[in-house]
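Presented sequentially are two complexes of chain A, the first with chain B as partner and the second with chain C.
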Partner chain A sequence: MSALEYNGSAIVAMMGHECVAIASDKRLGRQAQTLSCDFQKIFQMSDRLFLGLPGLGTDVETVSNRLRFRLNLYKLRENREMKPRTFLNMVSSFLYSHRFGPYFVEPIVAGLEPTTSEPFIASMDLIGCPMITSDFVVGGTASEQLYGMCETLWRPDLEPDDLFEIIAQSLLNAQDRDALSGWGGVVYIVEKDKVTIRHLKARMD
Partner chain B sequence: TALPISLSSKRGMSRFSPYVLNGGTIVGVSGDDFALIASDTRLSEGFRIHSRTVPKLYTLTDSTVLGCCGFQGDCLTLNKHLASRLQTYKYAHRKSMSSSAIAQMLSTVLYYKRFFPYYTYNVIAGLDSEGKGAIYSFDPVGSYEREVFRAGGTAANLLQPLLDNQIGFKNQTGVEPEALTKEKAVALIKDVFTAAAERDIYTGDGLVIKIVTGNGVEEETFPLRRD
Partner chain C sequence: VTRRTLEKLVMECLLGIAGRDFVVFASDCTAAHSIIVVKDNKNKMVRLDDRLVLLISGEPGDTTSFGEFIQKNVQLYKIRNGYSLSPHAAASFTRQNLAKALREGPYTVDMLIGGYDEHDGASLYYLDYLGTMAKVPYTAHGYASYMTLSIMDKNYKEGLSETEAVDMIRMCIAEVQKRLIINLPKFNIHVVDREGVRTIDDEKMET
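And now, the complex of A and B:
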């Protein structure tokens, strides 16, 4: 039983036309037993910058808090918002600094550039190897299921409303085929002028 | 494939395994008057490709097709065994075995080897006694169930949720479920295998679809990514 498969999660981020979307399930479990259907796995690090953390629950909380601390110090020193690309590098070096005793999370970064509002998504493994894509990134115990859904449903330049439908269907159907993910869903649609949060009605099993 | 010594067991010699994973994916879908089953045509072992032209579909009778993937050695032997049993039945009963009877027989054949199983994931496509499409899916030791659709093999986890969504209309509110036509099913199969070939290294090279109807078995082939 791997540490990455102890609590269960399903997280996905997608690129749209001048927007990004990031979505996750809400289950926290202890192997087969479900403990919570309200567990937060996506964290708003900044105005238009989001971090999704699949993996071990305790590390989800610790990593999000430690990164928020470092990001806040950056904002105080530099007096500007951190770019998504820079944040990706910060998360990557943070994880690699624990190369031989890693945090069991495989983060997903999604956001818009502060000045140009260009969309950005990326993911990395538990020791910080980054991967920037132009379509979608997936993570968690339901990653194979998510790959299948996203690969078929996604197409480039989706508008925010269409992107919501596509990412919601990808998440819902993928988590329904994974015993360790599910129990609800939440979707963040990140646009230049607003962020929309929608909670999904899902199978609660 | 060769493993570096540090990754194999403590003694430095990996224990002999009678099984090998040869990869491949199969998908079965049934409709009101047809059943179709599709497979890719790649045979692999580790990062090596043995062949690009090995379909995993075996026509058992003119109303039943079996899809078989996992360990190719067991797939071939299982099929020889089944072909022999089917022939014996035909001589004894003067008719071909029905799809549901073949499914039941496959279940017992697989369970006979409960303690040294056939490493095969099986899906049968056929017609039931009323002429409606039927899909039966199995686990390696013979547990089986009739379903409307099923994906099996290395890309099963990628494909099954999509079939739930598009054929089962799951998680779709306010959408009228329509009956699945043969044309729509074939188009869907092409889409799902294209997606599987993108993300699963063991799936690719070519796609074979066999469609069982009241008129017999039709076959269609399409190319897939070869990387």
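And now, the complex of A and C:
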């Protein structure tokens, strides 16, 4: 089995009107066996910058720690917040530096620009090829299911409350059709003035 | 990590159940080399600190070597800084070493780390040979997990007492001894709580 499909995950980020949302499932498994339904896959890198890491569990932890370290050093040196686009480039070059022995994660970046609060979402493959979109990005073992749900439900300029409903339903229904992801869900709604975290009640199977 | 070494991980049984202020552990005592039982009273528990325990299974040399390495480093931190590492910190340190070794010369070991901390109460961490770490209320390693996780799912509840947890562990061990083709006659049961680490002696566990 591929390393990317060993632990199982479903992550999605969506663009809204002056906000972004990022959501993930909570399952950690050892192939077919479920080990934990509380595994963190979305990490708050900065005030309004989030990183979602679908893929191999150990690399999720390692990559999030390494990137947090680099981001914090940047903040100390430059004395300012890192822009999402810059962070994307940092993740991309970090992953490419391990081109022939990669980390088995396919990161999703979601956040708001520090000064203008303009929303930003992007995703990457395991060797750092970036893709910036203006609607939604998906990742994990349930990515194909997520593409279907997002394409159907998403529309531009969603307000935060509507965006929450749309991303939650996209995640829940996609992960229900994937054996390796699910067992709960968490949604982060990132707005200019606040971040709201909501845990979803999902099918626990 | 070859398939043969991975197979060694599943033959042994580690169990753990965490309550609010205690953690109950069980590990089998069999050390086997292919079809031969080399030792039948092996202790797979490493005492990292007064209230911190590591259960380790897998490739024989790696278990001793890595287990001791972690133990000595936990003690070194205590000597240097004057206070102990928290269970979470010790588990993270262990995880980091496993993850670093993964791409160079992996340790083929599965582990459970658990302990009592004044701040956070009791906590139990699942760690595998890849460096995957998860804080869990209860867990199991090896083939035995197929039989025991569902027993724990059914019977576990928030705030369960130590007696209930020990009974649940006994239930799990009985199931493993009944249904797993690999003969695991002897188990060690340990409890970590505010008072420290102690072993539960049990005649019943020997078949």
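The rule is simple: the second predicted complex is superposed on the first by the 205 of 205 C-alpha atoms of A that agree within 3 Å, B and C clash if a C-alpha of one lies under 4 Å from a C-alpha of the other, contacts with A are read in each partner's own complex, and residues count from 1 in each chain.
Definition applied: contacts are C-beta pairs under 8 Å (C-beta built on N, C-alpha and C of every residue); 3 or more make two chains touch, one makes a residue touch a chain.
Since the model is a prediction, treat every value here as computed from it, not as a measurement.
J.: Determine, under the contact definition given at the top, whether A:Gln145 touches first (chain B), second (chain C), both, or neither.
T.: Only chain B is touched by A:Gln145; chain C is not.
J.: Of the partners chain B and chain C, which touch A:Leu56 in the superposed model: first, second, both, neither?
T.: Second partner only, chain C.
J.: Going by the contact rule set out at the top, does A:Phe39 touch chain B (first), chain C (second), both, or neither?
T.: second
J.: Regarding the shared-chain residue A:Asp176, is it in contact with chain B (first), chain C (second), both, or neither?
T.: first
J.: Return first, second, both or neither, reflecting whether A:Asp157 touches chain B, chain C, both chains, or no partner chain.
T.: neither
J.: In the superposed view, which residues of chain A touch chain B and also chain C?
T.: Comparing the two interfaces on chain A, one with chain B and one with chain C, no residues are shared.
J.: State the interface residues of chain A toward chain C in the complex, per the touch definition above.
T.: Going through chain A, the ones touching chain C are 7, 28, 30, 33, 35-36, 38-39, 56-59, 61-62, 101.
J.: In their shared complex, at which residues does chain A touch chain B?
T.: Touching chain B from chain A are residues 144-145, 147-149, 151-153, 169, 172-174, 176-177, 202.
J.: Spell out the part of chain C that touches chain A in their complex, as residue ranges.
T.: Contact set of chain C toward chain A: 95-96, 98-99, 102-103, 126, 128, 130-136, 139, 145-146, 149.
J.: For the complex, give me every residue of chain B touching chain A.
T.: Touching chain A: residues 155, 157-162, 164-165, 170-172, 191-192, 195-196, 198-199 of chain B.
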